[in-house]
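Provided herewith is a single structure, encoded as structure tokens, for subsequent inquiry.
The chains carry the letters A, B, C, D, E and F, assigned in the order they are written, with residues numbered from 1 in each.
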């Protein structure tokens, strides 16, 4: 349990919690970007460089943009960006559910007897990942490619406006 | 929104398409009056759907100084320097149009040499205006000043000529009722001739810089299309009208001055879009060079002023006249009503920029903000003339 | 193109109820005009635009003119034969009458298709105060849109049927119509030290108190 | 021969490293790593800070010369003090935050932007021994670090509470979504051929010369030349430079996301723009132009970092030259250009590079075939796609009456 | 507490926060973002086990996370496309009002 | 092919870049305070009053306060008060002179109409344009003393026009003298005849008719 880990945990959870509470959609999205960056930091701390950079590239580089784009495309006015605060009843139930879930998982974590951790991270090079992907996980990779293509096409079809004269933007 | 009579096809009027089903997520942007691309203090209240314009209302008058009221309190001669300040790029043609209106009102003849000099100066002014416009339009398209600076480099040379002839670069105050104020010297004519010879290569360079540029083509072609029918009905004149393919040039139609003596062609557009408007002006400059060469060759000797014309105490008889010439921006006309006094009873300027602005909204609808800027640029307005 | 007189007769035949007067222009320009009455103006304008022999498709210029009320001295000369048998005498009879004030809108029409013109149309209001409504010709010629707005703004002529009749050069809150001959600029200017005599005198009038900070209403 | 005596590891070549070691040698052992890193950071900040300062001056002077005017020449000898005068001016100007602005984001945007645009320098090999961080995943890191720049532009635009800025924010997002993809895809062929994501190894892969004067840089292969062109176009868009400076379109959106910024925050935006430009140019040098490698064996005695700087400056000059010439694209045209032109070309280029590396063993006449195929794979799609892209717009001929 | 436990607790907490966002907020985009957070929490677990638990294959955890990130990206793209379609349809993003599958 | 137009443009800018170092036709900028523009002779700026003798500027002012320029000035920036007494002018004839002659250069628009309408060649256009001041009001109101400049100065700035004016004035003066002499002669011959009218004011040419 290192100091770095604690800082990362505070960043990740703090920004996620703040995002849960902010009324402003853009703030929520930007705070979640911070949270994702924290997660990337965690990967880096854990020694998974490649995953960390992939996380930044995908989440900060692409997903956040798409989210912000969606936020801006679906606004009616500036005031509209202020989402109404969560209804108390729903919020209470949600918090209860959340606490229950973390309670259960936490209890399980403490109840389980874990093996001692290895001292150093497993050595994973980019080359190694590439070879694994093209070797053992080739089928999964192909499937993923199909999935991504399908998702892309689906997204375009869904988001495309009914009127044909409007420009496709996303 | 106003109920629009334009939507009534039975009147035969030109319909302006106004979207009545404006969806909710619109943004209203007030572009101007201090916006770098509005060519002065001009304002467009633009309603945007995303970046697409669904409504545009031009607002102007920020430079309004009631030029016409001033003229009603000033003698006929005293209004001449004020006409310089209408379209401050084209003071020579403004002067000419005003002089022509007064000459029609009072029946003053103009000596032949003066007519030639007027043609020379008017064509130089056309070069000046179109060069500036090309530069400004490229600036609106997002060039970082380079075409504008090249245009200004050449414009300076013409302004130098104006300065050494009339004493002032822009506010020339040169034409008089019945002639011109100063007789150009042989030295001046030689310089002007040299400028004309050097202008063709400059135009070649300017065209090489941008006319074939793919980005410019993509930006300007098909943008801001104007139909010939709407252009005529909306009183659009000048290069804007000719870009729609209408063969209408007052130099040919009215044949005023000594224009009928010169051989020149009128370039005509086909699509009426921004690119056509730009190219028509470039081609017109080349025709102007041809006119200038002929005018230099044919310039007769003789007086520059009609000796019968009065400077002081000029009181035309009761009556009225509308005099117009083909200014670089379009038909510039002056409507004068005289009650026999030393000041005009009514003095009205038919400003081409002002009337060409009528169709701004029609051109911009359905285009983006970036297009609105270049469409406005291609209309070629000078706010001194629009607001008067 | 047919002469203006022929044109007037043709219009009179087509629109028998319309009152079309030939207004002559004594200046050397000889740009005579047709004065139309308000009720038929738009119909006649449409006819002028659409008639194949005229095709006045371009309305170049729209102007307002203000003619305030003025006293006119009409001189009628009558030749009276001298009863004594001498040379006939010319008797000048002077009558004074008040010519009522009116506002006038002038349209200059040209034909691009047939390259002729101008045909000048004039519309006259009843007076300068309450009967200042004229039909708008914007539905016929779009070019009149801004120009009629300008005339409305500067002269206060209300154009009926104009799609968007707002002030165009003056700001929306402005009250008066500055191109009218009897317009007096409001005494609202800011004082600034100027050596110009007139302005100085006006400033003294405007700010009777020595302190220029407290303007008084005139 | 002096040149031979100086290569490859001359004193000049090792000078920066030696300087660093001398300083860190003064400190206790446990501090060495920290001090070394700090020195590297300081060196990068100082070096690129100075480059930024003089790049602004150079841009203004070159633009001036292109436009037949002298450019800034009043402050100091030939205007050499102009950047500092600008800096003082920016620092002493009032910092205006518009009413209704999101103050926190408004403040954070320029800071984030500068911070993020500096990150990329960490993995650029400036010389044979000069790379701040040796990373196995350096290329991935570089692009991951660069992604947040448009996020900062968005923050600036959105937080300013200004409609022009908001439009700029939208444009920035759309532009990023469109250009991130071709930028990455144009890099992939290099990674594919070099077989590594490490920048130092990519540079090493381009070492050596044929006949002593034709370097094995990627730009001298058909796919590499195409990749370089595509990368530079995407880099232009990525760094918001003309003709893709849509978020900052001064003739349309006044200054877009910068409209409501003044004083030092405004200067920070400029700094970030130039840092981004430098970083992307540095990446292009690394990936395609052989990094710090000399163009000829005979010139190897010149220190590697000098070569890197020279190549970098040439690319930056290109940025300025293009800015001086071209008009700006419209948003929809920009996206069309990205999706219908750049992305297909980069994908084809990837296939081309794959074919190139598969046929590496071909010799003799087969080598000619290899070049012909690769060249046609570059040229034919370029012409065809270019034609479809610019369909309907061409110079026109006019009739006269 | 071992590092693994710490990581798992962090992951659990992050998952709960994501769950709370997804359940409590009514804006469709925020709900999507909550789900994204939950996915991230799961990824955290993979890396934690890969790093701090012996016996795993050397690259499995990393590759799992890579796949998960890719799937998450696809999910977000489709999700946001749905959001935009929803907005076009009902002019707001309140999920409570999106009660019909057919328009 | 896509890109050729762009390349063409790049070549043009490159040519201009290189040209700016060796081709004065391309590098057209003048650095103003150090390099002054060469003003053409016709250049006009604000008006000034011509006096014939530099040592006695007020005594030899050509202006006779006829106020034509004041009336004709379009922006009405000239302000003249006539004197109550008369002073002999350059030819020795008694004339009214301007007690106050002020031009508000903050209003003046340099149109040259005052020069054109002046029947006495008394007001001419100056070429001084560096008249920036820190005082917006008083410093821009030029009074009689500031406005008056000798004929020699007029010769330096507008030599051609000044020579014409001088020739015309000399001719007019001679004509007037001759006429006066003839009149005196005639008077001597026939003292009953009415005295000849005073010499008419110098007329520039036919285009200038006398003021209404």
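Heads up, the rule we're going with is that a contact is a pair of C-beta atoms (placed from the backbone, for glycine too) under 8 Å apart; a residue touches a chain by one contact, two chains touch by 3 or more.
Given the structure is predicted, the values throughout are model-derived calculations rather than measurements.
Note on connectivity: the fewest steps through touching chains from chain B to chain F is 1. Considering every other chain in turn, none proves to be in contact with both chain A and chain E.
Comparing the centres of all chains, each the average of its CA atoms, the largest separation from chain D belongs to C. Counting C-beta pairs in contact across B-D and across D-F gives the higher total for B-D. Computed centre separation for the pair chain E/chain F is 84 angstrom, with centres defined by C-alpha atoms. Between chain B and chain E the centroid-to-centroid distance comes to 62 Å (mean Cα coordinates, whole Å).
Taking each chain's centre as the average of its CA atoms, chain B and chain C sit 26 Å apart. Averaged C-alpha coordinates put the centre of chain A at 80 Å from the centre of chain F. The set of chain F residues touching two or more other chains comprises 2-3, 5-6, 9, 12-13, 16, 26, 28.
Counting only residues that touch two or more partner chains, chain E has 91. Multi-chain contact residues of chain A, defined as those touching 2 or more other chains: 50, 54, 62, 66, 69, 76, 169-170. Residues of chain A that touch chain E in their complex: 1-2, 5, 9, 12-13, 16-17, 19-20, 25, 28-29, 32, 35-36, 39, 42-43, 46-48, 50-51, 54-55, 58-59, 62-63, 66-67, 69-71, 73-74, 76, 83-84, 86-87, 90-91, 93-95, 97-99, 101-102, 105-106, 109-110, 114-118, 121-124, 128-129, 132-133, 137, 140, 144, 147-148, 151-152, 154-159, 161-162, 170. Only residues 62, 65-70, 321-322, 324-326, 382-383, 386-387, 389-390, 395 of chain D touch chain F when the two sit together in their complex.
Across the complex, chain F meets chain B through its residues 2-6, 8-9, 11-13, 16, 26, 28, 40-44, 68, 72-74, 109-113, 116-117, 125, 206-212.
Residues 26-27, 30, 33, 49-50, 53-54, 56-57, 60-62, 64-66, 68-69, 72, 78, 125-127, 167, 169-170 of chain A are the ones touching chain D in the complex. Taken in their complex, chain B has these residues touching chain D: 27, 29, 35-37, 48, 50-51, 138-146, 149-150, 153, 209-219, 221-222, 247, 252, 265-270, 275-276, 279-280, 283, 368-371, 373.
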